[in-house]
């Protein structure tokens, strides 16, 4: 491995951190404006109460909870995918793990905020800790999401350490940034002992994070599943949510990768093959999603419990049919794009599919939450459809902009593609070849015998 | 041992303060006035005595590149050459304790290598303690002012907002941060053998004193409550020089206030005076403009000089006679 | 640093440090006295005239007492409070406390305003003679 | 992966599994104990029996709901019916008892307004889900209570209750109350509220306001008493008459019964 190659990679990947273009500031200003607008909307909500939303005593949860479920879903992009790829030793993961892990942390932050936004008396939030009822699924969420946030933050920071060392030693970086890098590099000098420990730590985290991530989305689904509401109270809900989460997570990851690749001209790192591989994963998840959806709706529809039929018919033919079929159509388009166009236009097809999937999954969350609430188990009055108010729209848009904003700041401070992991790829390649040789007939080595 | 001495000293002082329940005038009026007088007088005395110390040289021993040729980038904050730069550097030091951010921990690795790792703990503890102390001081203005300024009320509400309805009356976030910060600063001294070795009783004393003040204050607010109206009457009386001591105030209050008085009186004569000292720290309050501006050493005595001009004036004729070229004819 | 700046700094410090002195002297507020309770209140018929607990205790601890009452009444379903003196009172802000102190402006707020505390009791609880949704 | 690391990871796995299992037990216990009283323990349970036929009277219904409204300072005049604060309200028979109504439901019941309120369930769905114990089943009398001081306004109980018995204060309620009765507090914006069987009256040994108002017009329209007491009026009534309750199949164990 030559130093020049290493230097080239380092230079390439640290360039976005060192050089800041005008477009960056322009976008930053736009995002900040959107977030401030959302804050204003929230202040309106704080001073006038949740009356400024479109919710009512029937549809007591609306857009905020939809966003919550959606963001928590997106969060699975990261950590879970990068952890699975790490554990399974998929070499092609190297340039995409950081992109994914950052999504996780920021999506979780925004997801958690959604719950606070939804509360009638947010200043009492700590009551959940001081007087918590362990039997409430909401408390399971508080616990699981906190653990997930902490561990995914840790999982993001661990592989950052060597990169922080690289940036710390970069002569072009000065001032407060250098101090951040110095602090976050934790005295990294790249000696073998440090490397060994880091590998162990990352290995443990990668394994630990998988059950944590799955528990998180199961618990999110159980907020709904544990109630005795039609179409919520089903055993399929937890796996359905987990599948949906990984599904939307991969789509979000593909979108983030495509944007970063374009903006920072990292075509040499995020190659079509990465999109193609993620596309395969996405096809699997689309198929799974269809399977779960059909299973869920067929069971409910065939059984024909009158309460469930209320909700089901509202979705299939009634007041929510537009949304529902738009969702189905989005997923179908995504599936077609992935299956038929992925091999020729890897990036184009996966990106288009991802756009449809992200939108479709947001609608899916919405059409799980709202129709069940709209169609009472015991309808006591005329059905009224919930429409989000301008405050909810503003806060929602601001939340998405806030997510992008956090990501934006992250990209400016930290290398979005793990420098050391990419640099290490060639060394790893040698090991891989040895391992593959072991599979082959006619050769026995010490490792296979032991 | 040093820690125990300080702890005992603070406990004794607190017990002395409890006597205020019986001698309200002494502990509620006379001692507070004396303490404030000592605090203000002592601080002024210290600052003026520092101001009288001559500064022989500008001290450029700071990090970062000093101002030099135009194509060499100057570290404008670390090594400022203008007053504005000095103000920025000083503000960062006073407000966010920038130099503590440079705190590093030296670790001897198993491999025999020495590594320097950043250590944020001291900075965090110090920030927590100092900032919450400021908030707590400002919050206490509600006792010292009548009517309390609007901003103090807002501060008080915001401080309580995050932990609202946790306790009755509302627990303030700053109270908790204050005690946690202090506890860390104390723990730090006790936990590390090196730090314990260099810590004297006077290092522990202020920590215990502040902890005592914090705990007695929290106790007074939440557990053993007293008539707040009477306390405010006393406080307002003190600042308007017409003090009234009500007998409805309990002893714990006097314990609290006596420790505060001790702190105030002790302040100018201890390491705590860094509050004023930080502004006079020569490596922080001077611009490094040695190359641009002449700095006259105040210790310089008038040296008797004899310039070439004078020399020539004196010897011109003789020089001309000898054929030596001269500047002026 | 030049002496001029140091002197100026000291003066600024002195002005800030003595803020309570000049501010309070200028504003000049004095301690308001809460109005004594109404003596004809029915709760005390046949009993010696006094509050649930003694005055010194109440000035310091009324918020704790009310909080306990609230918990006992709402959460435990209890109704009566036995005071230190052994007398029984109904645990109710409206039915017990407000009988003697009917208006918050004449009683509660006197001290609360002075001590600069603004509890949220009146957001929900109502004074006996009015339903003015005022602040505090 | 070397051997020591592998065994280390294995150890971690075993420990995590053990910790997970260990956590499950208290969780399950908390779950199981959240609603149902332990077997063999006779807890007090108040209940109400409503005679639907006697309640088919507009004046009676109006008096009942008005009594409740005045008693508890409920805000009125809300233009949006879905945002009204309701402790007691009426709804059509076939909506109230969807499992009882059919296409030939007698004319005198079809479309008629039946008074409904919180069922003070034996196994309340709202109590299970509340994250702060702001709503709980009071052991002393089985009333499902609300603590407005503790409610964080997450509305999980609103979503969890299958009877629609819970209302959220979307806006400041005070301006919408005509005459505030000072004996009872109003609520703060952002909290959930519902019928408490008039807990404040029960404390004084009085019957709920709606029962009092209903019986003033038709004696026996509503009967209130102790279900757990075999000698109470309600026990006698439940033993001798045919009664139904709302959505019994949901397993919530509603304690408001209706004589058809």
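Worth pointing out:
Each chain carries a letter (A, B, C and D) given by its place in the written order, and its residues are counted from 1.
Operating definition for what follows: a residue touches a chain if its C-beta (ideal position, glycine included) is under 8 Å from a C-beta of that chain, and two chains touch if they have at least 3 such contacts.
Only a predicted model underlies this, so the values are computations on that prediction, with no experimental measurement involved.
Taking the mean of the C-alpha atoms as each chain's centre, chain A and chain D sit 38 Å apart. Chain geometry summary: the mean Cα position of chain B and that of chain C are 37 Å apart.
Here the CA centre of chain B is 59 Å from the CA centre of chain D. One inter-chain figure worth recording: chain A and chain B are separated by 46 Å, centre to centre, where each centre is the mean of the chain's CA atoms.
Shown for chain B are the residues in touch with two or more other chains, namely 165. Within chain A, the positions touching two or more other chains are listed as 124, 127. The touch graph of these protein chains is a ring, one cycle where each chain has exactly two neighbours.
Pairs of chains in mutual contact: A-B, A-D, B-C, C-D.
Taken in their complex, chain C has these residues touching chain B: 1, 3, 6-7, 9-10, 13-14, 17, 19-21, 23-25, 27-31, 56, 59-61, 63-64, 67, 111, 113-119. Remark: chain D residues 73, 136, 138, 140-141, 143, 145, 147-149, 172, 174-175, 177, 179-188, 199, 203-204 touch chain C in the complex. For chain B in complex with chain A, the residues that touch the partner chain are 73, 75, 77, 101-102, 107, 109-111, 113, 115-118, 120, 161-166.
Across the complex, chain A meets chain B through its residues 123-124, 126-127, 130, 174-175, 179, 182-187, 189, 191, 193. Those residues of chain C whose C-beta lies close enough to touch chain D in the complex are 70, 73-77, 79, 94-95, 98, 120, 123-131, 133.
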